[in-house]
Amino acid sequence: MNKSICIVFNKTPYGSQAGRELLDIALMAAAFDMPITALFVEQGVYQLLKGQEPDILDIKNHSATFKALPLYGIEDILVEEDALQKFNLNVQELVEIDGLKTISSSHAQSLLANSDFILTL
Amino acid sequence: MNKSICIVFNKTPYGSQAGRELLDIALMAAAFDMPITALFVEQGVYQLLKGQEPDILDIKNHSATFKALPLYGIEDILVEEDALQKFNLNVQELVEIDGLKTISSSHAQSLLANSDFILTL
Amino acid sequence: MKSLYIINQPQKLNQALPFISEQDGILLIEDAVVVATYGSVQANHQTLYVLVEDLIARGLKDKVGVEQWNLVDYPQFVELTLQYDKSVSWL
Amino acid sequence: MKSLYIINQPQKLNQALPFISEQDGILLIEDAVVVATYGSVQANHQTLYVLVEDLIARGLKDKVGVEQWNLVDYPQFVELTLQYDKSVSWL
Amino acid sequence: MATYSLLVTANPYSSQGQLSAIQFAKTLLEQGHELMRVFFYADGVLVASRLHAPPADEINLTKAWAKLAIEKDIELIACVTAANKRGIVNVAEAERNALTGNNLDPAFEISGLGQLTEAMLNSDRLITFG
Amino acid sequence: MATYSLLVTANPYSSQGQLSAIQFAKTLLEQGHELMRVFFYADGVLVASRLHAPPADEINLTKAWAKLAIEKDIELIACVTAANKRGIVNVAEAERNALTGNNLDPAFEISGLGQLTEAMLNSDRLITFG
């Protein structure tokens, strides 16, 4: 059994490159057959919002790549319920990704406890 | 009458270079005879703490330079009272600078309102 | 003097608020625009603006509480910097 | 698995806390060490550590609430990363 | 019409501030205002390197500034202390520090902090992007 | 004795993370542990430039890493995508992108993200400094 990795998105796009550069790590780890979970918490839930148009500011839109995660074998895509609520968002406003689920903070806690690696940026 | 500048220190040393690089601006503006206020708010009050020893981590100690501000003609050195209280600090724990005063947030407000330029980093 | 406070990170708004006078304006740009889409700000009579290009970039244009926030674009951003006596970027 | 959460900015501690399990450890380094010198942390049974070199650098060594915080130096920091199953830098 | 100067301290890679500054600069010029100087300080100086190779479908911020500077005759000045510390050097600074190479983009100039103070005193507005 | 790898994403100029990483690396080596690899990513790659000229009385982080790498035979690897975007290029990347110059310090290597994944799989501990 390969070591597992949980990649934690906790920052808004596009004020930093964190989302973009974490995605690159996720795709590379998938190529090494590591079991991967993508976890979106706090302001990281904004990464998944539908209808982003950063191109109007000459910024590349990476949000479509999230949709492709299942194609790379990344099927655990989890979004923190409390964050959605706090920011007045609902799941219907997020990009449609096969298998995307919301989870509670306590569920996130045990998920993190059981991962071999946890990365944030 | 020259334009006045208020330089706002609001970050802890030494996790960033902000304190150091704001000091350089203050000294340069003083050379141009601009009336200068150095204002320490929020976590910026840690810049003035006595007994800093960043050299043990190979970081240069810039806190002594604050003491020299009056020599450069910078005599308005103001520290936010609320921040000291919030962080459990008192004026006796700060480096001794001639003319250093504590001020309330509302006093800081009117000071900022009356400055021609305000810089943070 | 009236100042325009420019805020570019969400957590900076609450840090800056105690120092902003009643007659001042507050403009949210970059990542800070998310603040205009949830809850309400404990502003003290200041006029509140949010940069529309940064909202559109993040897919948030339709989620702003417009009763509290004035949407401005870049041309209006430039005009605001002239309308106020000075601009302050609270970093 | 027991994790060591490494926090290097003051505001990150409260953001990370909801995700940290009871059996985990929390280590404050760099600018985050200031948190150990005021108020108290709403920790949920986690063991709390603070890096002493970063406290000394900032003149804060004598201001730590030692009933809640364990002071560790760099050699102990390395030992902690082995004592816990993994380390997590919550950036 | 007003005279602006900009102070840009934003990291060109991990923040959005350089892009905002460019957008603001273009807009004020379109409105007929004058842009006297853009002063780069702190991590803002990193944009003055000519060695950037971003992916082909992404903006090259250095070239975007350079284009603006050439078309509109705007001074782009990077603070010498901030730049040397951050690995941005022109030929003279490289020689003075015995470095094997240099990387300053020709659209930018290296100078002292006095250029910022002077910009403050001689512009109607100074806007900071951090 | 354990095998470590480090992931360093900290900006070398506006954060303390590079210094913390060097201190941690020295300490673990003193304790007899092994340091397999230091992988630089995001703004962390900026330290791999050989063109830094910090003030004489301040630490040169690039040289501090290089000293450690040479004395203890440690791999210092900067991610190629992160590096090119941030103006850190070796001779080959400079040619490929038609850049006039290069600035990679000889103690560092440019390689792909796979080197990070491999370090994760082959070390007992991965510690991140951001």
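The chains carry the letters A, B, C, D, E and F, assigned in the order they are written, with residues numbered from 1 in each.
One rule holds in what follows: contacts are C-beta pairs under 8 Å (C-beta built on N, C-alpha and C of every residue); 3 or more make two chains touch, one makes a residue touch a chain.
Remember, predicted model here, so these are calculated numbers, not experimental data.
Asks: When every step has to jump to a touching chain, what is the lowest number of steps that links chain A to chain D?
Replies: 1
Asks: Using the contact definition stated above, find the chains touching both chain A and chain E.
Replies: C, F
Asks: Give me the set of chains touching chain A intersected with the set touching chain F.
Replies: The common neighbours are D, E.
Asks: Please flag the chain sitting at the greatest distance from chain A, going by CA centroids.
Replies: That would be chain B.
Asks: Determine how many degrees of rotation, between 0 and 180 and to the nearest 5, align the Cα atoms of chain E with the equivalent atoms in chain F.
Replies: With C-alpha atoms aligned, the rotation comes to 180 degrees.
Asks: So which chain is the furthest away from chain F, centre to centre on CA atoms?
Replies: With centres defined by C-alpha atoms, farthest from chain F sits C.
Asks: Measuring from the mean C-alpha position of chain B to the mean C-alpha position of chain E, what distance in angstrom results?
Replies: Going by mean C-alpha positions, chain B sits 26 Å from chain E.
Asks: Please work out the Cα centroid separation of chain C and chain D, and write it as a whole number of Å.
Replies: The separation of the two C-alpha centroids amounts to 35 Å.
Asks: Taking each chain's centre as the mean of its CA atoms, how far is chain A from chain B in angstrom?
Replies: 40
Asks: What is the distance, in whole Å, between the centres of chain B and chain F, each centre taken as the mean of its C-alpha atoms?
Replies: Centre separation, chain B to chain F: 34 Å.
Asks: Where in chain C do residues touch at least two different other chains?
Replies: Counting only residues that touch two or more other chains, chain C contributes 8, 30-31, 53, 86, 89, 91.
Asks: At which residue positions does chain F touch at least two other chains?
Replies: Chain F, residues with two or more chain partners: 9, 13-16, 23, 42, 55, 58, 81, 126, 128, 130.
Asks: Among the residues of chain A, which are close enough to touch at least two other chains?
Replies: Chain A, residues with two or more chain partners: 14-18, 57, 59, 117, 120-121.
Asks: Would you mind giving me the full set of chain pairs in touch?
Replies: Chain pairs that touch: A-C, A-D, A-E, A-F, B-C, B-D, B-E, B-F, C-E, D-F, E-F.
Asks: Over in the complex, which chain E residues touch chain C? Could you list them?
Replies: Answer in residue numbers: 2, 4, 9, 15-17, 20, 23-24, 27-28, 30-31, 33, 124-130.
Asks: Which residues of chain F touch chain A in the complex?
Replies: Against chain A, the touching part of chain F is residues 7, 9, 41-42, 81-82, 112-114, 116-118, 120-121, 126, 128, 130.
Asks: In their shared complex, at which residues does chain C touch chain A?
Replies: 8-10, 30-31, 34, 37-39, 53-54, 56-60, 63
Asks: Along chain F, where are the residues that touch chain B in the complex?
Replies: Residues of chain F touching chain B: 13-16, 19, 23, 55, 57-59, 64.
Asks: How about chain A: which of its residues touch chain F in the complex?
Replies: 2-3, 5, 17-18, 21, 24-25, 28-29, 31-32, 34, 117, 119-121
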